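Just so it is clear, A, B, C, D, E and F label the chains in written order, and each chain counts residues from 1 on its own.
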Amino acid sequence: MLSARNQLPATVKSVKLGNVMAEVVMTVGDVELVAAITRGSAEAMNLKAGDVVNAVIKSTEVMIDKS
Amino acid sequence: MLSARNQLPATVKSVKLGNVMAEVVMTVGDVELVAAITRGSAEAMNLKAGDVVNAVIKSTEVMIDKS
Amino acid sequence: MLSARNQLPATVKSVKLGNVMAEVVMTVGDVELVAAITRGSAEAMNLKAGDVVNAVIKSTEVMIDKS
Amino acid sequence: MLSARNQLPATVKSVKLGNVMAEVVMTVGDVELVAAITRGSAEAMNLKAGDVVNAVIKSTEVMIDKS
Amino acid sequence: MLSARNQLPATVKSVKLGNVMAEVVMTVGDVELVAAITRGSAEAMNLKAGDVVNAVIKSTEVMIDKS
Amino acid sequence: MLSARNQLPATVKSVKLGNVMAEVVMTVGDVELVAAITRGSAEAMNLKAGDVVNAVIKSTEVMIDKS
């Protein structure tokens, strides 16, 4: 069990590889979620469109915007 | 416009105030999302159950878990 | 209102685009501040030198160094 | 030399200790900056109002808001 | 597989619960590592001294200090 | 003294420069640790294989995984 409490079921929409980083766009329900992870991780996980994954976020990294 | 690309429509479910921090549990669609923000922010925003907000997350803070 | 409490008035000095990330150098008063955001955000915001912005930082991400 | 590029000269304005965390309010020029660090760190550094410090922020943690 | 590349085998040395957060001190080899997670996570994982765990850190959160 | 409590003695194994970011692989005892910092920092610090450094991590960025 991982202490990061936010684990959102998601589907990978696209993976864009840079030299060092990779941008992974996912859908969570009908909302888009973007992750910036290292290229090394994206390749090690063989991430590709259509993959069913969890988007994982530590709660100290979540902000709230109230209009 | 804020550079943090992830802005998820959410509803506040509960707010727990500590001395320095506050834990805010939200629902995003049918998934729960937990934020740990400062008590000062929670009070300044007068956050309370039922508030309609956006959960905001910088993409460099999003990880991916692939089974 | 965003829970991230640190919102520093800044002026963009330079924007360097990588494949996935972008480095944005700003001045806050007479101090320089560097942000690493996604290229996607930098482009969506059409960030360029001279832009008047706010540098936004969640308080859990601020460290303190005391000599 | 620390890789975190943002090192802002600051003066401690107040220190609030919780059980686990501590909230430190600083002034950077004429702007306020809030840090949430562990109580252990605040005590180990004997942080108190009037201390001259550097606020240190990794560039991947800086967001930008453009109106 | 989690994209966070840093997974350090560790042993829990102590767990201190606050209202909202928890401080977990671990040993990694002969070095101490401190995590600040939510109390909710610490309790859900029933974390206690002696537990064998992994300390998990996203690479964008690791800084480098070179003398 | 820096408030980030985790300072792990490490040796640089490799440095990979991207346009904006840099990936630095280090060894901490017999474990590998990966940092994603800005290219600017890696160059300013003249980081190279064999350098003896400290890997620095704020405790709010450390997660725990318990099987």
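FYI, a residue touches a chain if its C-beta (ideal position, glycine included) is under 8 Å from a C-beta of that chain, and two chains touch if they have at least 3 such contacts.
Molecules present, by chain and UniProt name: A, B, C, D, E, F = Molybdenum-pterin-binding protein 2.
Owing to the predicted nature of the structure, the values given are computational and were not obtained by experimental measurement.
Student: So which chains count as neighbours of both chain C and chain D?
Tutor: Under the touch definition, chain C and chain D have B, F as mutual neighbours.
Student: Are the interface residues of chain A and chain B largely the same numbers on each copy, more than half shared, or largely different?
Tutor: Same-residue interface.
Student: I'd like the Å distance between the centres of chain E and chain F, where a centre is the mean of that chain's Cα atoms.
Tutor: Computed value for the inter-centroid distance: 17 Å.
Student: Taking the mean of the CA coordinates per chain, how far is chain B from chain E in Å?
Tutor: Spacing between the chain centres: roughly 22 Å.
Student: How many angstrom between the C-alpha centroids of chain D and chain A?
Tutor: 29
Student: Mind pulling the residue numbers of chain A that touch at least two other chains?
Tutor: Those would be 1-5, 18-21, 23, 34-38, 40-41, 45, 56, 58-61, 63-67.
Student: Make each chain a node and each touching pair an edge, then name the shape: line, ring, star, complete, other.
Tutor: Graph shape, chains as nodes and touching pairs as edges: none of the named types, so other.
Student: According to the definition already given, which pairs of chains are in contact?
Tutor: Per the contact definition above, the touching pairs are A-B, A-C, A-E, A-F, B-C, B-D, B-E, C-D, C-F, D-E, D-F, E-F.
Student: Applying the document's contact rule, which stretches of chain D touch chain E when the two form their complex?
Tutor: That would be residues 1-4, 18-21, 38-40, 58, 60 of chain D.
Student: Help me check something: in the complex, which residues belonging to chain E touch chain D?
Tutor: Residues 16-23, 34, 36, 60-61, 63-67.
Student: State the interface residues of chain E toward chain F in the complex, per the touch definition above.
Tutor: My answer: residues 2, 4-10, 12, 23-24, 26, 28-31, 33-37, 41, 45, 47, 51, 53-67.
Student: Sort out for me which residues of chain A touch chain E in the complex.
Tutor: Checking each residue of chain A against chain E gives 1-5, 35-38, 40-42, 44-45, 56, 58-60.
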